[in-house]
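In the two complexes that follow, subunit A is the common piece, with subunit B as its partner first and subunit C second.
== the complex of A and B ==
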């Protein structure tokens, strides 16, 4: 272990460490990344030019300075970010005192540890694949160090490493499936709640939803039990916005109440897996018929998680696509849903009053507003012109082109001005059916805003003014709208690309469901399907030990079989049988003992066997080492068979 | 024919008492057409052994005492101007003989050493641009003092490699030493020795040694030995292919002396310390390797396939 490290091993190890640390570069403070890069480069330079490593005193100074720097930067030395920063700095510094094989082994194990820390930040398939490659690389380096004297090239080293990893795979699978799980995500680390994640918010101003349509990030995925409803019925309900200040819509302070239905038709069962978005909302189709576990609902049918959704959440859901609710809505609520900002006197008010005068009933006023959107030159665009201070007026009378938030906002203001209680509902519309894996992907790009009006005798009714302007948006999804050229590349209908994208998403979904989402419940379900009801951790541990033991035994058996010299030659076999017989009498042959020496030794210890042993060994030597022909092999076999020790 | 070998062993054994194994090894080395290096402290009979061997084999014998001021010309010979006929005349050096005893070879400077070693390798010498063949058979039996002694120039590995075998004599045991003390003067004994072989006999024996059968199973063993030294971390360098060949040649000669028509692993083991001892170096710095110990250990570590 005191052996000095060879140049190629040093370089290999340094490079693999750089590879493992690379994904951390963007997460760490800039100076930490730069310091690490600098130290790694320095080490490679020293290795190449075969110079002395820096003096220990200098390293101590750097260690102290870097630790102080990390403390100042993160205000602690513990926790995820500070810990990883410290680990990266110390590892790269350790490189600078890596002289012997022992140092290298230490670094290798720390590098494996650094691999794990990457999963504290990202658990996606690409991360996993990259880290797998890193482990492969590090292991190859370790193999290289242990065979430092054999002439070698990179190929066999990497091959051996791959073989080791493949052999470890069954162990990994067993440990993954059987190891007692803890509640919570696989990498349950407290994450920063203010982490920026895109998604809906509880306010809506012109431009806020159209921003989202540029993002192909997945909002949630849905698996339907049974037929998938038509795309234009998939209104995924999100925040409901009540209050308007002339430009921005806001959600009211949450009112928890068990919302009530009047009628329930067309139930749809499905399972939703929501990607973390840092807010409280959970999504369901209009209207949700039950609550996800531990979730709450507001009186306007928003589903709220008890804490911000910072990890993936999965829940089963039932919705009723034909519904009516809110028939007996309280006056207080209705009043609030008629409110317009005080002193708000835009031209829209006049328009609303005119509509009200011309068309008597609430329904007629609504129809008139729809007709106006349809016929008076309104257009649907992803890149709407900027609106002035009075955005609704500006939109209705000047620009007349906008996105769903413009239409829903203008429509609701119009309705309120005409005396009809109305509010804005945000959420997602439609989604993409993935035939591979058979589920629906809803992306941030599917974000949508629509309206709800309260009609006497009908309760809250969904109205989607966007449908009047751009029916295609509602019927076929965001990708089909006329302004598609403004959409990001991923929405264009390129068949190959689309198929690749869907395949990839299907894989990501399976990964989320079965690897990251492998919770104690799933484990229990899986085990009970295998006939193990209510397995305690004791049963699991026993099963785990038994299975891993079995796997190790099988691997050892296979490996040892390969190592064993396979004796095909009948002469050698006869000799082996002969030696085995003597070994049973305590006269085992030393592996390095030649046949003649062996015979002499036996003759000394057991003079009674001398003649038989001499005869056999003489024949054996003649057959194996001499140029005697093979006709005596039969006799040798016979002698071996008949030999009695 | 092989009875004659026994006779040689017996005859030399009468001069060098109690060293039968070393005598047999030395003889095997010569039968395998290899040069021999005898390493030991002064006074254990190195020179006597060489002399007795040469005489018993019926070969011409010359001794060169290596000293630090020995020049190559002292070994190879020199051309001297002859005034009578006005030409240069070559006076062959002591190397022009069948058996050269290079005594205390590590006392000479590397320059003188290399003159000898070139001759060993090529079986010819080039002096003044003229190449002269050495007589056949041509053997060098070199003796050297253990290199920790004062005033020595240790032979480099490349030159050690030219010797097929290196053996050590060691002190005689009590009985042998008593015999020695009681007996006649060794020099007188040497003079009484007669040749056991005639003219072509040695060449014939060497030929015979080369024809000893080597089975694939034995080659497996030789390769296992060589590969072990290459893969193990105990040795600074593994054995070279030349060392493997040397091992095989020596084992053949040994098998012939054992009156066998084929080589068995025991033959390889018998010559192994002599053949690989001076070719192995330990990796552990600061530790003098005793090549013989290393070879013994190697023998125990490699199983016979």
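== the complex of A and C ==
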């Protein structure tokens, strides 16, 4: 319509671009953010002072320099970070040659594209809301440039933009649910798209678990089908550590045959949604009774995903809380679980041999060790003193204060020294029940380490030495321990805060489950629940087309219905109905024809209608130009209704 | 194929020749297609969808689908921006050949929805853009070059809009039964007027109003003694001449014979047009005699226009 942009359009588009790019500022290299801010400010200054835009040659120089800078910074021009940096620079430069409506349209489309790049970094509810506001703003800008003359206020364009977005929502929902989902990626995922990973690792050295305890990040969420078992029975099995070098525990690299197992009592069914952590393992309650799709189980009953968990993973699980396994464990495995590093310091060995001498059976030795932890001044703390070279000796005889990793490690070493096969199991203990949404949240702070000993005739048995020292940790969770003051604020028992936190987590969980976790599998499951088993893409496309068409029809109907001119005056309405009846017989009233002239014309061509037309028109004229009393209006309406042409 | 194409186009675009009165832009009269910007928008959406699939971005899907929804809703909004408008011819000023006729087209919006950026054009090269407020109206101007004298019809006009987001182009063809009078192109100025004639010289039949006393003016040598107001002269010691309506000091009869016979008709009409304009400017009373019509001596704008119209329709 118009070619050139006005000041208000330029400012509007520049500001909306700045809003979309703002969240990138902290992720981009500092110089890129600064350059973008500088270019945006420059553009606003030029618009404000109505100066000429810079010469094209200068822009080309800046583009070349910035591209070189991005290449030097990121060592590539592709990939997530470099791509976003390049896009931000190009967009802000494009701003400096935005003159016409056509330039502005291109910029608007690219701004939409910049919105999507934000989702590469964050897909949380706040991000979604912020970006929705940005899209609202950009769309309003797009409407703004199509006014033939600048409107007096921003109200109408913001309103029209909101109307468009609201009307687009049903269509978006249908497309979101029904659009055939393909398992990505279509081409290589950039390696830099998953960088930070948190959570357990396949090694354990003093301090590695307590570090996690200070993190409120969610490890996974669990929805139980049926009653939630007591928290102290929720041992979420993670990496099992076999090998000890005197300081660090490691998971075995070799694979062994999985021993047999017996399950007793009823299984527990639940669904786990694991947050991405960049490692292979999946979590299940001791003892997993099935495998998630494509996953495998190791000989020590760890569940492993076929590829690193870089996106949220959801799977249904069944576990048996009462079980026994490993009665037939191979000698090879047992031998490996007895091994201690060569040249190991003797004090712990001495203690073990004394226990062995004093107590006959393996069970009795175990009980004695437990009794020792309970009664000989051991304490539970999240901030243990530093340990010397021989951490186990140092812990058992000197510091005597520590955290689950210290206790499990010391306990397992003690057992091995006493000739009982034992190993360390890491994972999570307990969780927090969220009554809003009815599920269990397991956080990094719930990370735990315990032990497993092998007893003849009973197989592998779980032992948790921490329970001997700090029963509260096991019974009530990490928040109840004495050292709770060292925990982050959220773990404290403040009812209001806690309730807010739980509500928020419940929203985040639904968001993860239904929005972010809507995968091809989920789509299939949802469709089969709706009675569409094995829907092919053809069925989906048909369904999609039909639903979309229906929505568009409804939308068109609702939107265009507003155009109907409502005649409120009953006299005019009756006259319009009368004229419409005649028009159907080919006797339409000429727009310039008055009622009396019309009546005369009708009487001439249709003498049979003369009487009725005369009566009606006489009454109409009387009502229109004379006294409009209620009784006669009723008669006119009746005449209009009964009139037959 | 072209033989088939024409009726097909006529049916598709509902081309039915000039229409009288008010034309209502009903659904069947409005057409809509995406613009080039719309194609770019669709391309960007495809890119965004591909990116969402590749990076498994749920919010990317949501944004892409939301914008696709906006694209669909915008189609209805663009359509609605034209729908239900009442289009009628408004007053159009007459022009001279060689000028541009400006056809007024009244756009009446009886609905509660304001219409923004509705453009009227004849040849797509330049358009007049107006806003039509809710329950209000606006006049859009279609500029048509007037090349030949006579009656000029605006022909098929296009009403179009890209509002609100510019990714669709909705249009409607309107052919209004209206016309503009195009006067002959005036000959270049500087052409001397034909000699004036004394009033009444062309015969008593034209010298109307000899008895209507209109007022007095100062005596000038040459005034007929019969018109001197002797009574007033005796009283006021000043000679005054009585004036009678219809009697100009001089008058001009314009005919085709005054123009060299060697010139073509259009040339002759051009000169007559120039003389009419000059005579009007110099406040000289003039009449026009054409083979098919005669316009009496007169003056004033209405008279000028009547003469020009007669010339236009020769």
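To be clear about the criterion, the second predicted complex is superposed on the first by the 521 of 645 C-alpha atoms of A that agree within 3 Å, B and C clash if a C-alpha of one lies under 4 Å from a C-alpha of the other, contacts with A are read in each partner's own complex, and residues count from 1 in each chain.
As a convention for this text, a contact is a pair of C-beta atoms (placed from the backbone, for glycine too) under 8 Å apart; a residue touches a chain by one contact, two chains touch by 3 or more.
Bear in mind the structure is a predicted one, so any value in this text is a computation, not a measurement.
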| item | value |
| --- | --- |
| First (subunit B), second (subunit C), both or neither touched by A:119 | second |
| Touching partner for A:621 - first (subunit B), second (subunit C), both, neither | first |
| First, second, both or neither for A:102, with subunit B first and subunit C second | second |
| First (subunit B), second (subunit C), both or neither touched by A:597 | first |
| First (subunit B), second (subunit C), both or neither touched by A:50 | neither |
| Contacts of A:538 with subunit B and subunit C, given as first, second, both or neither | neither |
| In the superposition, subunit B vs subunit C on subunit A residues touched | C |
| Partner chain in contact with A:529 - subunit B first, subunit C second, else both or neither | neither |
| Subunit B versus subunit C as contact partner of A:386, first or second or both or neither | neither |
| Intersection of subunit A interface sets (partners subunit B, subunit C) | 149, 565, 590-592 |
| Footprint of subunit C on subunit A - complex, ascending | 1-2, 101-102, 105-106, 109-110, 112-113, 115-116, 119-120, 123, 127-128, 131, 135, 139, 142-143, 145-149, 160, 163-165, 167-172, 175-176, 179, 181-182, 184-187, 189, 193, 311, 515-519, 548, 552, 555-556, 559-560, 562-565, 590-592 |
| Contact set on subunit B toward subunit A in their complex | 213, 215, 217-218, 230-231, 233, 261-266, 269, 299-305 |
| Touching residues on subunit A, where the partner in the complex is subunit B | 3, 149-150, 565, 572, 590-597, 621-622, 624-627 |
| Residue ranges of subunit C in contact with subunit A within the complex | 21-22, 37, 40-41, 44, 47-48, 50-70, 72-74, 76-77, 79-80, 83-84, 110-113, 116-117, 119, 127, 129-131, 162-166 |
